[in-house]
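Below, chain A partners chain B and then partners chain C, in two separate complexes.
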Partner chain A sequence: MSSTNTLMVLQKRRRRSLLRFLLLLALGAGLWLTLQYLNVRLERFATLFDRLGTLLATRYYPPDFEYIMRPRFLQSVLETIHMALLATLAGLLLAIPLAWLAAFNASPLPGVGKSAARVFITGARAIHEMIWAIVFIMVLGFGVLPGVLALTLGCIGFAGKLFVEEIESIDDAPVEAMRAAGAGPLAVFFFGVLPQVRTAFIGIGIYTWDVVFRSATVVGFFGAGGMGWYLRRTADQLQSDRVAAIILLIAALVVVSEVISHHARTALEGRTGQRVLAR
Partner chain B sequence: MSAAQAMPGSNPAALARWRQARRRGHMAVLAVTSLLLALSVWAVQGSVIPGTDWRRMGGFAEVVTGFGRFLPPDPTLLPTLFEPAVQTILIAIIGTLLGAVMSLPVAVLGAANLRPLGMPGYLLARGLMTMSRSIHEIVWALIFVSAVGLGAFAGILALACRSVGFVSKLLAEAIERIDMRPVEAMKAQGARPLDMVRHAIVPQLLPIGLGTLIFEWDINVNRAAVLGLVGAGGLGLTFHNQLIASNYAGVTTVLLTILAIILVGEAISVRLRRRLV
Partner chain C sequence: MFESSEMAQLRFVPARHAAPAAALAEPLLQVENLRVRYPGAPEDVLRGVGFTLAPREFVAVIGASGSGKSTLLRAINRLVEPSAGSVRLGDIEVTALQGGALRRCRRRMGMIFQEFNLIERYRVLDNVLLGRVGSQQALRALFSIYPATMIAEAAALLDRVGLGAFLDQRVDALSGGQRQRVGICRALFQAPELLLVDEPTSSLDPRIANDIMAQIRDLAQESGVAALCNIHDVALARQFASRVIALRDGIIVHDGPFDELDEAALGGIYAATDRSRL
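Moving on to the complex of A and B:
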C-alpha cells in the first residue's frame, strides 16, 4: 500500500518536472524566435557595455554645465514648471468630476455618462502624453499650449483612474442615507462622497504632480514647450556633453520635486492620521 | 461618540470650538485656493501667452476644423498595422522581462534589511532606482539608439532601464517585509541556504514580483508605442510615418489601434493579477 503510494508520488513528481522542463523549453524557444523576429543581434549585447562605457566616458562626460546655466535655457526650465503646474491643476479639476461620473457606486448618470467618462479616462491613459502632444501640435502649432493640453490629458488619465478606484471603495451607507432622505446628486457628492475621499484625493494630487512634472521635462521634445526642445536639439546635433548636463538637471529637478511631495504627503498623513497612498 | 460631538448645538462651548475649527478650515481652503490661483495666473502670463503660436492657431473655427480633419479614421490602414502592433507588444514583453532580470540584483542590494554590500551598495541601488524612474523613456531610447543603433534592440533596452526603478523598488519593499519564521524553521531543520531561498523566500516574493511585472508590462506597451518616434520601431514608427504624410485619418487609426491594444492588455493584466492574489 505504502509502496504504491510512494510510486504514485514519484511518478507524479517526475511528470510534473517533465512538464516544467517542456514549458521552460517552449519559453526559451519563444524568446529566441521573438529576438530573431525583432532583429535583435545578441552578439551586440556583449559589446554593449563596452560601447556604452566609452560613449559615456568620451562623449557624455564631462557634462557641459555652462550650457544649462544660460538665461534662455533657464527660461525654458521655468516654462516647464509653469506647464506642469497648469496641467496638474487643470487635470485634477477635470479629473474629479470625471471620476465622479465614472464611479459605479456614485455616478449621477449611471448610463451613458458613466460609460463616456470611463472611455475618456481610459483613452487619456492609453495614449502616451508624447503622442497627445504631437496631435495637439498638428492642430495648434508649436508652443506651450499644446504641451499643457497634452499634459492635462495625461494627468486626467493618471489621476482619474486612481480617483475612480478611491470613490468606488468608499462606504456606501452615508450615500444611501442621503439619497433616501432626498438629497440631490450634487449634495450627495459634496457631503456624502467628498468627505470620505478628500485626504486620499489630496495625496493622489501630490503624487500626480510628480508624474506630470516628470513628463513635462520631455514633452517639449517634439515642440510642445519647455526644456524638452533643448534636449531634442542637442541630441540631434550630437552635443552629448550638453545632453548629459540636461539629463542630470532633469534627474535633479525630479528628485527635488519628489522630496518635496514626499514631505507634503507625510505631513498630510501626520495631520489626518490616514494612510494617504497605498503605493 | 459623545453627544456633544454628535450635536454641537447642545453644548455652547463645544459649539464655539466647532465653529472656530470650521472657520479655520474655511480659511485654509481659501488660502490654498488663492495661492493656486495666483500660481496659475503667473504660469499663464509667464509662459502660455508668450510661448504659444496664437497666429498659427487662428480662431475657434479653425481649431475645430483642425480637429475635424482627424475624423473619420482611415480603415484602409488597418491591415498594415498588424505587424507593427505585434512588434510593439513583443518589445514591451522582452523589455519588461529584461527589466525584471536587471531588477533582481538592484532590489537585493537596495533592501534595507539585507544590504549585502553594506551602505555603499544600498546607496548605489537606491540611486539607480531614482535614476531609472526620473529619466524619461524617450531619453533612455536616445541613449541606447546612440549605443546600439536604430531598431527594436534600443527600445527593449530603454524599456528595461525605465522599468528597473519601479519593479526593484516594489521588490525591495517586499524583501523588507519578508516573514523570517519559515526561513528560521528551515534553518533549524538544517536546510542548505539555497533550499532556504527556494522554499522559504521565493514563494513569499513570487506573487508580488509577478503582479508588479504584469502591471509594468501594461505600462510598457504604452511606452513602447512612443519609442518608435525616436527610432525603436513598432507602432510609433507607423504613427510617425502617418504624421509626416499629414494623413490625419491614418493618425486616428493608429491611435485607436493603440487604444485597443492597451484595453486588451489591461483586461488580461487585471485577470492575471486577480488570479495571483
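Moving on to the complex of A and C:
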C-alpha cells in the first residue's frame, strides 16, 4: 500500500472515531436534558429501596391469601383465563387473514385491500389495550365483552405485525408453483404461504398468549372484566395485604403460563427442528 | 395406502392423450411479437419473440444467462406480464385473460422449475396431488380430502418415475434428482396440454441430468403433451430436442433443427451477452 493510501485510511479511521465520540457525547447530553426537563432528582434513588422495604414490611406483609381463595375471586380468575383464551384465539384467527392481505409479496388485494389491512393492524397496535378497554367500556358499558374486544384488538396489532413480517420473508418458489398450476388466491395462501410460516405462526401464537394473558389480568382495572377489578377495588380501599395477595397471584399465574408456553415451544422445536420465536 | 400388487397394476393414464389427427395441423401454442419489460428496467428483456409449437412437439430453448429464456416461459403462462404481443394456447388469447379465466388456462400448462419449487414440508404424494389444486376446492385439499382414484393416479405416476416407495416421505428428505422427479409428476398430474420446463437440470449432476431429461421427454410423449424446455446445456438440447429455439438478448436468433446450428452459430448465441441484462 502506498503512503498516500495509508494516510487516507488513517484519516478515515480518525474521522470515524471522532464521529463515534460525538455521538456518545450527544447521547449523554440528551439524557441530561431529559432528566432536567422532567425534574428527576437522582438523589431520591438512594432512599428508594429502604422506603420500599419498609412499605412492603409494614403494609403489604403478610399478604391476605384467604381473600384470593374466596369463590367470587376465584371465579374472576377463571374469567380472566377465559377472556385471555377467547381474545387470543379470536385475535390470531383474525390476524392471519389480515396479515395475508397486508403482506406486500402475497396480498391477494395488492391495492386498497393491502393498505386497509396494514392500517388496521398498525391502528390496533398503536393504541394500548387499556385505552381500547376504556373506549369499549364507554360504548358497551362495564363487563367482560369490552375487555375481550380490547384484548382481541391488542392481539391483532401484536401478532398481525409479526405475521406480516414472517409472510414477507417467505421463499417465493412454492407460491409461483401454485400460481402456475392455476390455483386461486386461497389455495396459493394455503399451500404456497402457510406451510412456510406455520411453525413461526405457532411460536408467535404462543408468545401472543403470554402477552394477552398479562394484559387480561389488568384490563379489569377499568371495569372490563376479570380479576383486575378486584385489584383496583382493594387498592382504592387501601387494603394493601389483599393487593399484595392479588399481585402475587398474578405473578404466579404469569409464571405458570410462561412455563407452559416454554414447554409448548420446546416441544414444537423438537418436532419441527426449527427455532421457534422465543423472547 | 396401496398394496404393492395393487401398485403394480396401476399405471398412470394421462387425462389427455394424443390430439386427433386434424388437430395436429393447428399449432398448440402461438407466440407473436412478445415483449416483456420488468418494472424500472431500462429496456425489454424479450424483444418481439415469435414462434409456434405443435401438439406433442418437444422444443428446446437455448441461450446464455440473461438471454430471456425463463422470462419467455413465465410470460407464456403470465407469471410475468408481457408488455406487448400475443400468446395463444389453442384458440385462447392468454394475454387477454383475467382472474378465473387465466387460472383455468394455467391449468392447461404444467410447469417444471429449475429449483423444483416444491412444498418442502409436505409429503411426496401431497406435492403431486397439488398439481390439481386449481381444480380442487382449497379447503378439501387443505384437509387432504382427495378422491381415491386421484390418489391412485398420483401414486401410479410416482411409481412410473421410480418414486413408488417414497410416497409418504417428506420432500425435504429427498435428493435433488428425486425432488425434480416429484416436480415432473406434479406438472404432469395437472394433465396439461403444454409443459413449460425451466432449466430442469441446472441443479443436478450430469448423470442425473440425463435421466431427468429422458424422463421428461418420455413422459411428455406418453402423455401426448407438447413441451417447451429451457436448457442451458447445449449437449442435452442436442440429445433430446428435435427443434431448437435460440435466444440472444431477448431476440430469437435460431428456430429449427439442431443440425442447422454449427459451432460458429453456437458461439454467436453464447457470445458475451449485454451485461446490463444479467
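Heads up, the rule we're going with is that the second predicted complex is superposed on the first by the 239 of 279 C-alpha atoms of A that agree within 3 Å, B and C clash if a C-alpha of one lies under 4 Å from a C-alpha of the other, contacts with A are read in each partner's own complex, and residues count from 1 in each chain.
FYI, a residue touches a chain if its C-beta (ideal position, glycine included) is under 8 Å from a C-beta of that chain, and two chains touch if they have at least 3 such contacts.
Everything numeric here is computed off the predicted structure, so don't read it as measured data.
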Next item on the list: Classify the contacts of A:G143 with the two partner chains as first (chain B alone), second (chain C alone), both, or neither.
Entry: first
Notebook entry, point to check: Which of the two partners, first being chain B and second being chain C, lies in contact with A:L85: first, second, both, or neither?
Noted result: first
Next item on the list: Answer with first, second, both or neither: which of chain B and chain C does A:G182 touch in the superposed model?
Entry: second
Check: Does the superposition put A:T122 against chain B (first), chain C (second), both, or neither?
Finding: first
Margin query: By the touch definition at the top of the document, which applies to A:V77: first (chain B), second (chain C), both, or neither?
Written below: neither
Next item on the list: Count the residues of chain A touched by chain B and by chain C, then name the partner with the higher count.
Entry: B
Next item on the list: Pick one for A:V193: touches chain B only (first), chain C only (second), both, or neither.
Entry: neither
Margin query: If we overlay the two complexes on their shared chain A, which of chain B and chain C does A:A173 touch? Say first, second, both or neither.
Written below: second
Margin query: If we count contacts the way the header does, which residues on chain C are in touch with chain A in the complex?
Written below: 77, 79, 100, 103-107, 109-111, 113, 115-122, 130-136, 138-139, 141-142, 186, 190, 196
Item checked: chain A-touching residues of chain B, taken from the complex the two chains share -> 36, 39-40, 42-44, 46-48, 51-53, 56-57, 63, 66-67, 70, 87, 90-91, 93-94, 97, 130-131, 133-136, 138-139, 142-143, 146-148, 151-153, 156-157, 222-223, 225-226, 229, 233, 239, 243, 248, 251, 255, 258-259, 262-263, 266
Check: In the complex formed with chain C, which residues of chain A make contact?
Finding: 173-174, 176-184, 186-187, 190-192, 195-196, 198
Item checked: Touching residues on chain A, where the partner in the complex is chain B -> 31, 34-35, 37-41, 44, 48, 51-52, 55, 78-79, 81-83, 85-86, 89, 122-123, 125-128, 130-131, 134-135, 138-146, 148, 214-215, 217-218, 221-222, 225, 231, 235, 240, 243, 247, 250-251, 254-255, 258
